[in-house]
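Working notes, structure below.
Every chain is named by a letter (A, B, C and D) in the order it is written, and numbering of its residues begins at 1.
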Amino acid sequence: MTATASFARSIIETSDQIFVLLKQWLVSFLPAAWQPAAGVVLCVAAIVGLFPALFALTTVLERKGLGRIQNRIGPNRVGPLGLLQPLADGIKSLTKEDIVPARADWAVHFLAPLVLVVAVFMGFAVVPMGRNLVLVDMDAGLLFYFAMGASTELAIFMAGWSSRNKYSLLGAMRAVAQMISYEVALLLSTVVVVMMAGSLSLTKIVAAQNQYTWGLPHWYIFTPWGLAGFLMYAIATTAETNRSPFDLPEGESELVAGYHTEYSGFKFALFFLGEYLAMFSVSGLGATLFLGGWSAPFSFLTWVPSWIWFFSKLMLSIFVFIWLRGTLPRLRQDQLMNFAWKFVLPMTLLNLLVAGLWRFMGEGWERWVLCTAILVVAYVVMGRMGMRREHFGPRSYRYAE
Amino acid sequence: MKTVEQIKAAIEAAVAGAGVEVVPNPSPSGQHSLRIEPGRAVEVARFLRDDAELALDFLSNVTGVDWLDREIEETVTETRTVTRMVDGVEQAVEETVEETRQRIEPGFLEAVYHLYSVAKKHGPVVLRMRTVNRTDQVELPSLTPIWRSAEFQEREVFDLYGIIFTGHPDLRRLLMWPGFKDHPMRRDYVEPDDFEYEPTAHDRVLERALAHQAASEAASTAAGEKASEPAEAAEQQGTEADA
Amino acid sequence: MSESQSHSAAAGENPEGRKPGSQNLVSQRPESQKLEGWNRPARTEPEADGQLLEVSMGPHHPSTHGVFRMDVALDGERVIRLRPVFGYLHRNHEKLGEGQSYLSSMPYTDRLDYFCSLSNNWAYALAVEKLAGQQVPERAEYLRVILAELTRFQNHASSIGFLIQEMGASGTPLMYAFREREKILDLFEELTGARMMCNYMRFGGCRVDASPAWLEKARARVAALPGFVDEFERLLATNEILMARCQGVGILRPELAVNAGVTGPMLRASGVGYDIRKVDGYGIYNRFSFRVPLGEHGDVYDRFMVRLLEMRESVKILEQALKEIPAGPVMDPRLKLRNFRPKPGEAYGRIEAPKGELGFYLISDGGPNPYRYRVRPPSLINLTILEDMCLGHSVADVVLISGSVDIVLGEVDR
Amino acid sequence: MFGEGILKGLAETARNFFGSFVSAERLTTVEYPEQRIAPFEAARVFPFLVYDGEDWLAGLRCVACQICEKECPPQCIFIEKSKDKKPDFVGKPQSYPMRFEIDISVCMSCQICVEVCPFEAIKMDTAFELSTGDRFGGLLLNLTQLAKPNAYYRQIHPTGAAEVDARMAEEMAKAEAKAKTATDAAAKAAADAAATKAADATPAAGDASQSRPDEESRR
């Protein structure tokens, strides 16, 4: 009996740590002095290989999902169920002519997509994708992540500026305004987690959530301040990754394609890749901060390998991104800014207060009631105020004669 | 809704010297029109819009019509004085002559306005204005200051018929491009011979296309032989303009 | 002719020659103060505090519904000046109409507003009937109403879809609209032989009769339409983003709307109860009970909602018409279509097309071809006040406002 | 204002997402080359010329009256009339087209030619897969490509064809009756000839499933 149990445990352990063991096994062929460097190279290669593959899969899933939302079938011609569609798209974008506008700043025009993709990839370094599955377990992991995330704005502005196209310029200006505004909200929405976990290290944050009471996990999303923080985080990251309904920088119906109007072929594919990688990375971070990272949702499911949980959470949030895109129209620039500064930012600041209150009220049901009440009241008041200020709401109509 | 005669009377009572004339419409539609003098057209239009009973606040349709010069054969009976030898004496006598003459009635351009009333829900009242001729006196007053809906439609009439609406705030071509000459909706408009070679079923199309092709080839070779210098000059100008 | 050429050269001067950034851009329309009657709204025209950005939106811009172009001068993202430029799809439809017989013009009317070919057919047929004094059989009138209301339904559905698409909703409402439109087009194809270019109505009736099976099918389809409107309403009507984007944007005051000849749902969204189906009662519209929804604010949201409500009213008319349709011929067999020569005279016939008042003005000189063939295009005339609605709003709103006008370039440029 | 409209919209799209897997009402598209929708009987693509009997040259109903050429809105029909005449189905001598060409790159499928034809000679086809690499030659259909048997017409437009056939049979019967009243043998012979001609035109005589071999090869 114990033998079986220990065998099962070792199977679980191996499957959980399979990537770590694989790396150790591969590295062990090398001399000891090279091993750390080789390990890093292996990990980087894995990330650089894995996420573009996930990107390819996601593009086809997104198109199929959007298709189903819109009552269409979606791509189904290339390969079984259309799954090879990204391959065809990739070949197409590689073989297409790379057009650089005659008066473009060609060097910046060339660099912009590269800067974007590199900056986005850097963010993956600190996100733990499973137990012991993190490239760099940095003490200030969160800070590093945001530092890297902020530099994507530079890439987008480079693209818009260097193209010498009015639409691109408008798109770039929108992008910078939008991303900087939401960067603030994004940072503040994550501060509550740091307050609770007491660390900027993402592995420590996951570890803090990886406990269970009555079989349920201690994820931060299951607290009032955590839920509010998560919603704010979701809004801010949607804006940060320029996804619908905050896709103003692209704004295809207004600005043709926004900052990447003048990009074609492989450079465009890189922008596309960058957008999706950013989506994965913020989804991963969101899962790490609020959804317990790689931890299982129920204590009896802890035998499932941790990386499976991480990627399921990631894909779930990708699905939500797609769902939102299929439903919502786009906001206008001034509304977007109003929303950032007059709703999201005050709410995140209030949330900091609530999180502090939560911390100092100690265990007990009172803190649940009080914290929830504060947040709900603030939400209702701000919603009402917004409605009154903008004078909008449902209307009733009359008929002639 | 008043009849055209009543409207005519109302206009004449309100606007002095309006010179309204009823143009009957023989078709079963019974939409008779009022021809107004261009000189007082704006006043008439303002009256029609602002009159409490008519309240023609909605100008639905503005269009032009091109009436070509018409040859009219008519029998004229005329009394004139002729000098004639009567009884050896030269005398002036009156004589009645009957003769058939061909007269060319000059063509004109016409602007037609269809008015309705949104407030009173009646209409249409049709206004017409005529230019003096089709060539040099083609001005008509613009009614855009009265009804804004004439803005684009008068531009279109200007574009396609060449009626110049004085007082129009922004009289430019609407559909044709700015450098275009001529007015394509005129009845005597000749289509430009720009047929490209295209083998279709129609022999006459083909014939025309081949002729055009031959002509354009001949022109291009002729131009190529002697016109290289001006072309260069033009090119230089172009680059200067770009810079 | 030479004189008028010189005139055209002078007056048709190209405005593009101006230098960007010059101050007179702000109020390019000369003598705008002299125009009376439609005194422009007190323009919130800020003095441009720097260089203006001139953007030529179109003719190949994703949301100009074809080859429409707007020359926009922007201060930041705010519109300072907007000039619509037409003519990229101009094919001189009117000249074509004057060069061929009355019958041969009928298929060309399909290609005006290619979303609503049956409404165009009807307007043209109505004008010719007025010109020649023809009567239309009862059953044909009912069929015309059924087809015109189906056309209105599908046009409004897809125009809402396009509007939301322009707002950036990745086409979901548009796809729902097209899903329903597909079913309506199937009905059209079964009856008329073509999905879009129906060429179905004739002066004096309709080309072919509808079979009982077709009417049954139409009844079943119509019964499913209210469910679709409900779905649209749930998806869109109370969406906060949509309300924030549409309400208070592109306001058109009723006086200006009437003066500028705006018709159709746009006019009614401004609160003017003018529906030609009620006013003229052409065809047999006065037999049906339906209401005319009116907006109050005249903004984009009102236009959107008026269209939505009109779809419901169309369904009501369809239900009544499909219930009451009598038996009988659809065309007087003695009427001749070929070699048709109406007596000299003229007629202006108009209908309430989905986009507004569609009129045909015909002058006959007794010959086989019309002497003058004029189309009053609602799409073009509704664009007259585009600039007035857009000034002071941002680029994103320009797209939205032009979308709410609901234009089809086949009709604008003709 | 509290996001309930957005939630309602999300619920609606989710309903459609799942609905598209189960409901044919929602997923209206078909996957074209594999799945096909049968064309409606009224469907119209491009015109063709109907002939009676086996020999297309002899049985062509078109008498080259050129009405369709005149009425065609985009002017895509070109007809050259014959100098001589041949008898039609009732035996009346009529001209026939030496050339009859339709440029289907110009044709706009409006069916005006069908409506104005007094001889039921031109009808609309429902075949739509006509794409070709040859823009000029391939889309200019000549007489041999345009002529199709009455049986084909009956197959694609059964209702319309039945009406036409009935009308033609009536006309033929009239012509026969007229011929019978004539007493001299020459008239009788003419009537016989007419009867044999017209027999091909009646529904009973024609073979509905038969189609011309060269037309088969064209597809």
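Keep this in mind: contacts are C-beta pairs under 8 Å (C-beta built on N, C-alpha and C of every residue); 3 or more make two chains touch, one makes a residue touch a chain.
These figures come from a predicted structure and were not determined experimentally.
With centres defined by CA atoms alone, the chain at the far end from subunit C is A.
Nearest to the overall CA centre, using the mean of each chain's CA atoms, is chain C. Centroid to centroid, with C-alpha atoms defining each point, subunit B and subunit D lie 45 Å apart. Between subunit C and subunit D the centroid-to-centroid distance comes to 34 Å (mean Cα coordinates, whole Å). For the pair subunit B and subunit C, the distance between mean C-alpha positions equals 27 Å.
Distance between chain centres (mean CA atoms), subunit A to subunit B: 66 Å.
The residues of subunit D that reach two or more other chains are 1, 3, 6, 9, 12-13, 16, 26, 28, listed in rising order. Touching of two or more other chains is recorded for residues 172, 176, 179, 235, 237-239, 241-243 of subunit C. Counting partner chains per residue, subunit A shows two or more touched chains at residues 69-72, 326-328, 392-393.
For subunit C in complex with subunit A, the touching residues are 53, 55, 61-63, 77, 164-172, 175-176, 179, 235, 237-239, 241-245, 247-248, 268, 273, 275, 278, 291-297, 301-302, 305-306, 309, 394-399. Partner subunit B is touched in their complex by these residues of subunit C: 1-5, 7-9, 11-15, 29-32, 34-38, 86-87, 90, 92, 94-95, 130-133, 256, 258-263, 272, 274, 279, 342-350, 357, 359, 361, 363-364, 371-372, 374, 376, 380-381, 383-385, 413-414. Contacts from subunit B toward subunit C in the complex involve residues 25-29, 31, 33, 49, 57-61, 63, 65, 112, 114, 118, 121, 124, 126, 135-136, 138, 144-153, 156, 158-160, 162, 164, 169-185, 188-189.
Residues 65, 68-73, 76, 323-324, 326-328, 379-380, 383-384, 386-387, 392-393 of subunit A are the ones that touch subunit D when the two sit in their complex.
Residues 1, 3-6, 8-9, 11-13, 16, 25-26, 28, 40, 42-44, 67, 71-73, 108-112, 115-116, 124 of subunit D are the ones that touch subunit C when the two sit in their complex.
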